[in-house]
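Here the structure comes first, spelled out in structure tokens, and everything after it is commentary.
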């Protein structure tokens, strides 16, 4: 059984310089309360690993604007001019990764695999910074597992065991991150009694969740 | 008007009951030209098989968005997918067609559509997976950008994938990349071959009379 | 929309010598009607890729007993003395693969990945027949993607689009196989109207299913 | 009786609220010695987090079985998992403990438990993943097989993993593999150190007085 904590308590233990994986795709399925608490905490030199960096001044975008982020690993920053500016002016390290590779690198870590072998990026500038392996006569781009100190995930429903159920397009990177990060905080729309989520509806087992965020 | 030609012509390329991805921006508009009865399932790489039309006012749901972050709907028979399965479907060869916009396409059929180094750096998002792995790649774009040709001898921008795209559909022409080079297959209504050649920096292969696009629904 | 076919029609197109992935774990989640039709068809020299070979004379075990199987790729054959006998007496090729590696090799194929990098099997006889790669200074056992001509999967519910929903421990290898085999037949407990399975409950999208098996 | 000692002693190794896999055969019996209130979730590698007891007669469901193929039940808060997630949980280091049977364990703490070449070839099933990747591996087995020691100087059977197991619990003793070798930590009630040494082919490290197992619930 988990003892739900507040978003403020959750981020209190995050040191400056920490790496944090954040679920969500733009505004959808994003752990907004955790992000806001991280913003309010003023923690610095953070590495954010996420599909995107949201919109300027909002959500992850607010963390970018506030200068709390030293490094971004993302697949798409087109919705946030601040992140693009940071990349162009080199005020921030921004690593752009193909979306399918990024989420599979996260899964590789969570599933104890040694990395990802993909065709994506072969023959492009992405391959210039990667290892290309020849296996059984075929070329594959190798991408290593991605680790993070913390993971912020959002779910539609959580139970007190920490089991998570998602809905519609809120899944995105959340299930992969829940398996991968060292310490995982789960923010849910609602917390329901144990048993209220059927075994078939749970997508993330509570045993990988470290802390549930209490209701607002 | 020119956009309408691209969308209408592209829609005719999509086969009934197939699985199709439409890129953010112009390609998204293709869906409006596809009858719901033909059984096409649209892939939304952020997490849905069976993307439907924009929801009517009042029916927007923040739990259901498209890859551009806009409110979306789901068709009957839709499925929620996480990003791992979403890209598993792309990389695994399950996607029949992806329709994407382009910044440049060159004589070898290579596409550049994700970055203008130092100027516009949105990131590749899902584009590299889509172009490298979809069974068929259609580039749907304006023929020129501010008057400058986008179909060029060799891409000067970083490539999206080391793969020849299958078809280029613009407001002026339909062009098929082949081993021999870019074959001009169709003209847009009222557009002459000379006008297309003029607006294209790459060499076009022109065989006999080039027919006009059939845009009937 | 799919046009459901009978198990007999499904197996009619399978040639001698074909490779077939079969979902299920012992009796649970196994496409029993497809297996029985394959048995009745008398198709020969088959390669069966499955977690196990069931029990002697029953299900996949019946295919083994009938001599229709030339090769087995499985993780566990302990419940079927016939398969063990075939291995020991070399009347059949039997490739034993760790369960987690086997199902991940199947997923790799379905997801367009170049194979699996795992710690499992390192320092054992499994590694003698595999490639061991050193990546960023760490050793990983490499297992290639697994292909099959046909896939037999079982689901709790299917709709006419081919979408599949599973229940409890019937999932096992079925979702991975549905993505991986060239031609996939899906046998379900019931076929329900399109829309009767919510988007959140579908685990296998109909677009990867080639044929639904009609109700008995 | 001897089996009861193994199960009872092994149950005491499991921490509240942890995630535990019990191998097919003898280890499965450990669950009966664990109070449901302590919040342990049992992993069934065929597809469940939260395996419960055998169902009462009449409540068997062919959709819910354990890794041995027997009818099973699910505890409140259980989750259905496919085999990919099942072994992702194992390989990814999410499993606190696995308890497995053994054919041989040697002085380096290596375990052989999946094959007797040419004689018994059941296959490794999930055992190789479990031993290679679980955070903690406990071997729970009879001390001898038909009178022959199973704890040997060096495994003659093929290894399950190149990993030192964390604890060996038998009907006679608790033994901890260490850098220095196998340390005899506990005796079963009424069993002498001499009897244990006699039944063990490997060298045991014996420091001072070896206490009797505490088997109180």
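Per-chain residue numbering starts at 1, and chain names A, B, C and D are given in the order in which the chains are listed.
Please note the rule applied: a residue touches a chain if its C-beta (ideal position, glycine included) is under 8 Å from a C-beta of that chain, and two chains touch if they have at least 3 such contacts.
Quick caveat: nothing in here was measured; it's all calculated off a predicted structure.
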Both-way neighbours, i.e. chains that touch chain D and touch chain C: A
Contact-richer chain pair [A-D vs A-B]: A-B
Most widely separated chain from chain B, with each centre as the mean of CA atoms: D
Length of the line joining the C-alpha centres of chain B and chain D, rounded to whole Å: 56
Averaged-CA centre spacing for the pair chain C and chain A, given as whole angstrom: 32
Inter-centroid spacing, chain D versus chain A (mean Cα positions, whole Å): 35
Averaged-CA centre spacing for the pair chain B and chain A, given as whole angstrom: 29
Chain D: positions in contact with at least two other chains: 48, 74, 80-81, 84, 87-88, 90-91, 133
Residue list for chain C, restricted to those that touch at least two other chains: 104, 107, 111-113, 118-119, 166-168, 199-200
Complete list of chain pairs which touch one another: A-B, A-C, A-D, B-C, C-D
Touching residues on chain A, where the partner in the complex is chain C: 104, 108, 111-119, 131, 133, 135-136, 138, 140, 142, 144, 165-168, 199-201
Sites on chain B touched by chain C in the complex: 17, 19, 39, 41, 48-50, 74, 76-81, 84, 87-94, 133
Touching residues (chain side chain A, partner chain B) in the complex: 25-29, 51-52, 74-79, 84, 87-88, 94, 96, 98-101, 103-104, 107, 118-126, 156, 166-176, 203
Chain C-facing residues of chain D, complex: 44-48, 61-67, 69, 72, 74, 80-84, 86-88, 90-91, 118-129, 132-133, 158-163
Residue numbers on chain A that touch chain D, as the complex places them: 1, 107, 109-113, 159, 161, 163, 179-180, 194-195, 199-200, 202, 205-208
